[in-house]
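Please read the structure below before turning to the comments.
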Amino acid sequence: MKRIDLFLSEREVNKVCKAISKAGVPGYSVIRHVTGMGLAGEISEAMDFSGLGANAHVIVFCEPHLVPAVRAGLRPLFDVYGGVGFVSEAEPL
Amino acid sequence: MKRIDLFLSEREVNKVCKAISKAGVPGYSVIRHVTGMGLAGEISEAMDFSGLGANAHVIVFCEPHLVPAVRAGLRPLFDVYGGVGFVSEAEPL
Amino acid sequence: MKRIDLFLSEREVNKVCKAISKAGVPGYSVIRHVTGMGLAGEISEAMDFSGLGANAHVIVFCEPHLVPAVRAGLRPLFDVYGGVGFVSEAEPL
Amino acid sequence: MQSSLILQNLVSAPVLFFFLGVLAVLVGSDLEIPSPLPKLFSLYLLLAIGFKGGLELAHSGLGSQVLLTIGAAVLMSLLVPISSFLILRTRMDGYNAAAIAASYGSISAVTFITAQSFLNVLHLDFNGFMVAALALMESPAIVVGVLLAKLAGQSGDSLKGAKAGGLRWREVLQEAFLNGSVFLLIGSLVIGYLVTSFSPAGLEKMDPFTEKLFYGALCFFLLDMGIVAAQRLRDLRRAGPFLIGFAVLAPLLHAGVGLGISRLLGLSQGDSLLFMVLCASASYIAVPAAMRMTVPQANPSLYISSALGVTFPFNVVVGIPLYMALIQRFVPLS
Amino acid sequence: MQSSLILQNLVSAPVLFFFLGVLAVLVGSDLEIPSPLPKLFSLYLLLAIGFKGGLELAHSGLGSQVLLTIGAAVLMSLLVPISSFLILRTRMDGYNAAAIAASYGSISAVTFITAQSFLNVLHLDFNGFMVAALALMESPAIVVGVLLAKLAGQSGDSLKGAKAGGLRWREVLQEAFLNGSVFLLIGSLVIGYLVTSFSPAGLEKMDPFTEKLFYGALCFFLLDMGIVAAQRLRDLRRAGPFLIGFAVLAPLLHAGVGLGISRLLGLSQGDSLLFMVLCASASYIAVPAAMRMTVPQANPSLYISSALGVTFPFNVVVGIPLYMALIQRFVPLS
Amino acid sequence: MQSSLILQNLVSAPVLFFFLGVLAVLVGSDLEIPSPLPKLFSLYLLLAIGFKGGLELAHSGLGSQVLLTIGAAVLMSLLVPISSFLILRTRMDGYNAAAIAASYGSISAVTFITAQSFLNVLHLDFNGFMVAALALMESPAIVVGVLLAKLAGQSGDSLKGAKAGGLRWREVLQEAFLNGSVFLLIGSLVIGYLVTSFSPAGLEKMDPFTEKLFYGALCFFLLDMGIVAAQRLRDLRRAGPFLIGFAVLAPLLHAGVGLGISRLLGLSQGDSLLFMVLCASASYIAVPAAMRMTVPQANPSLYISSALGVTFPFNVVVGIPLYMALIQRFVPLS
């Protein structure tokens, strides 16, 4: 089993969730109000009042064979809006 | 060392924390306000005003020999209320 | 690639972020409002109104050779203020 | 008459803000009231409604009509779940039937408040003790719901009920009586009563908070309720026509019974409307939170969607003016 | 005269709380208004300003001067982005130029509110329909901004524009007209209008919420704006002197044009100030949220920092009294 | 007399809401005020109390009695930590003794506010400059606490003190004077003073926010304080009888000294109560946040639990009426 960790702007969370659902994952979890630092510089919650939001952390546990579909679904979004993803090993409890 | 990731409804967080403490883990961390998708369908924060809450993400780092006790403690809760758990490898920094 | 998970008091988040930036990591993510249990006992959000805060979870994905620098930068902070860190394996998505 | 009542109700600020929330979802706006702000408004409304209820209860005293009315209300909160369960059980499993039945036996504080605002606009009086009735209708319905679920579970059609084992009474009573919403409402009622009785100087200082701010805060909360209710409409399609039909017809039926009881008790027009609304409304605050813990086998999206997605908007938009029209026909102006 | 106006403005509570927020950041205090509390205040201010605008629009009616003024305001929100783009394009890429231009074509509701408070202190009247102008200036500027970005993208200097493909009109219009802030503002305006027209009894009950609480809530929000604006100052150094210069000179230029139009339309002194402030202010609520989605190639820190870090404080501290001084010179007391 | 004062205090809305919160925890209700809502109320209370204090300071001016009283208050905030440290040091390590001592030298704004509400009910006047005293008592106690911890660390019994190295003065002063709570309180005081002095027209517009809303917001905050204080009771058992005894006897001792100073200064009955409460109360807002950073060797659960779990409820429930009874005996009605 694989664990996928995605970090992206809260504004695109719905788009990302749709993309990974379409890839066929059995479930996912979303943590909002994540701040951080990446290529696009520092992201804080200071502009939250404007609807701009901070980052979100999306966690997906799925079978290894789904990873390419998830990657393919996210590539266009990450290319346009930024965001990063990482994969690691896991097993069900 | 093992890393255990649990996702469950916020309503049962206290029960789950008690169960893993009883299993003897040295510590744990809890992230509330997690939304997501699983067997029980989509979970949002929309009903938060009613005390229903969204999901929580519980993270435990512990020695491998404790994993079976954690699993055994959580099984009855997950059977009744839903929730999922995953295990992966880790080491202290 | 390595994944580093840090748990520490919200009060020291800025200090920790500075320390890991100095170690040269390419990015990091911070989740605040984390509660939990560790050597220092139970940490809740109950004192948030006072500016004391709960815990934060800092996640860093970086090349393995940076891990010692991160560790060295955090050691003095963790020694004084408490906090724990864990490392695991990961790859870019 | 009736159409003017409906219009009167429709152009009130709280109802319009409810529609604004619904519209936001329908047209795809990203308007949202982020958590925990809705909780702030729900805590505030419970505190304020409880405090004001206690204040007026202290003024009206605990006469026989007060006790009779409260008794009748509690009785309804015991009977409605049972009759609803019998109807629902014909088409769905016992756990879901029990959880939905508990919802309809209990009340919706926001529907009640909206009815009060409506009465204000019509310059019709109502008694403060109706809030005591409201506060006391939450818990019995929860207890009955859990008992029904237990009964249904034993009769063999349980999903994962085998695990649930014996009835955990302590937990059931805790959820029924110590549920945060119920506790705050009753607690504020008692505080309002005590302050009015023993330290009336403090009332004036609470007034800007519990009274003046109330209407605006209600608008804000209803904006959020509109958003949440509209999001629930999607779930509803999955629930099917039977449940949707129940969610519209049950309030009518319960309001009708409520009207009959109001006549028997000789309530005023204003109190009659509030009594009918208590009977007709379904809980989406205390009951879902309690059912999630005590009847985990039931599907929350069913009981939340029918109570919040259908019955609540129905009562707020159509029900309140409709019940008022019936009252104007059958209840004499006292 | 002018210096007394500046002082008058400087010692008003909202402006002082803004400075307190700025000071907190400069001296390194850990004072913060944690999320989502600032959102509560921004939602509240939009709701209250919209509702009050609708109320006054219902009182003033939609006469020809009202329509002319609103028309002129919308025209400014179309022209300002174009002229700003042409200036900005000389020194930066098309995407950033377009996104910043959209910001300056749109408006800042908080600057507008602060100008209203300023007028209150001077006992100068203004018309409620100016809020309608404010509400209608957000969306056109967003649409123009996206069109400019698209044009710039096609002319070849795109960063990652190749991927963006054809203009997604649906998404652009959604961000322009259904953006949460725009939607709430316009929706509250319509509700204020409807309630005033059809159910005026409800107005008095809204008053403590939308009117009485307003000034204090504005202070709280400006405290947060001061913190956020000061945090932005750092980003600004990276933006360079050209953008900083633009962020100070553009409001002056736009306010000047606004003054000319006010004279043409024969607006009163109060309305002239509001019109000038609408032209001079730049959006940091609706526009950044919309640009992030529709022109992702632009760097948010540029358009947010210039609008929020420079133009907003400039208008609130120096601009408003300065524009008023000009008005006292050029616009007769009606 | 005294028992009627206690009753009078007990049935006030703020105190009753405090008890409701305590009760919620004791009976196991899931009532909670989710974060960051308590922060909203604490920021609001600090802003409002500061602003009102500044307003009244502007009215009363900075006469010699004002300066003397403030000076005496600051002196107490320097001496109380030292004497408390000497007592606490007999039974616990230096770091914990120092951190707890700092708490008791500083003040609790909510206790102060509750005392003001109590005076209002008794129709006793008090002077606005007492808020200035309150604002100035936070920082000195923090500095003294850190110095004591440093001293204790050097005398050899440090836990992990070796690492702490030299005193980081910059950080200590930052935590003492720029701590968010202290900064907002003093900042609002200055703003209230400036607005009152230079732009009194703005005062009336702030009034609904800072004055009218205050009592209700205090109730809401005390509901949360009740919950948090009751949760702390568990920690307290671990703290042991010595600390619990200290947490009850220290306020009595400090209030007694405060009464003596009040007599010397010739304060009115109202001001005497506020002065005694400043001396008797212990900080659980600014000081814990500061000690966590500057004396990390101390165990937060000790200083928070004693200040918030024991001293705060003791002062609010028993202390205030008791001090008032003493005042009625020893301070002449001016």
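Here the chain labels run A, B, C, D, E and F in written order, and each chain numbers its own residues starting at 1.
As a convention for this text, contacts are C-beta pairs under 8 Å (C-beta built on N, C-alpha and C of every residue); 3 or more make two chains touch, one makes a residue touch a chain.
Note that the coordinates shown come from a computational prediction; the quantities given were computed from them, not determined experimentally.
> Indicate the lowest number of steps between chain D and chain E, counting one step per move to a touching chain.
Each step joins two touching chains, and the minimum needed here is 1.
> Suppose chain centres are the mean of their C-alpha atoms. Which chain sits farthest from chain D?
Chain centre farthest from chain D's centre: C.
> By mean C-alpha position, what chain is farthest away from chain E?
For chain E, the chain whose C-alpha mean is farthest off is B.
> If you average the Cα atoms of chain A and of chain F to get two centres, how far apart are those centres in Å?
Roughly 45 Å separates the two chain centres.
> Cα centroid separation between chain A and chain E, in whole Å?
33
> When the centre of a chain is set as the mean of its C-alpha atoms, what distance in Å lies between chain E and chain F?
From the centre of chain E to the centre of chain F is 41 Å.
> Hey, what residues on chain A touch two or more of the other chains?
Counting only residues that touch two or more other chains, chain A contributes 31, 33, 48, 51, 88-89.
> What are the residues of chain E that contact at least two other chains?
Chain E, residues with two or more chain partners: 30, 34-36, 39-40, 179-180, 208, 212-213, 289.
> Where on chain C is chain A touching in the complex?
1, 3, 17, 21, 26-33, 59, 61, 88-93
> Where on chain F does chain D make contact in their complex?
By the definition above, chain F touches chain D via 7-8, 11-13, 16-17, 20, 23-24, 27-37, 40, 117, 120-121, 208, 212-213, 215-217, 219-220, 223.
> Which stretch or stretches of chain B touch chain A in the complex?
Within the complex, chain B contacts chain A at residues 4-7, 31, 33-39, 55, 57, 67, 70-71, 74, 84-89.
> Could you pull out which chain C residues touch chain F in their complex?
It is residues 9, 11, 33, 41, 44-52, 54, 76, 79-82 of chain C that touch chain F.
> What residues of chain D sit close enough to touch chain F in their complex?
Touching chain F: residues 36, 39-40, 43-44, 47, 51, 174, 178-180, 183-184, 187-188, 191, 194-195, 198-199, 201-202, 205-206, 208-210, 212-213, 289 of chain D.
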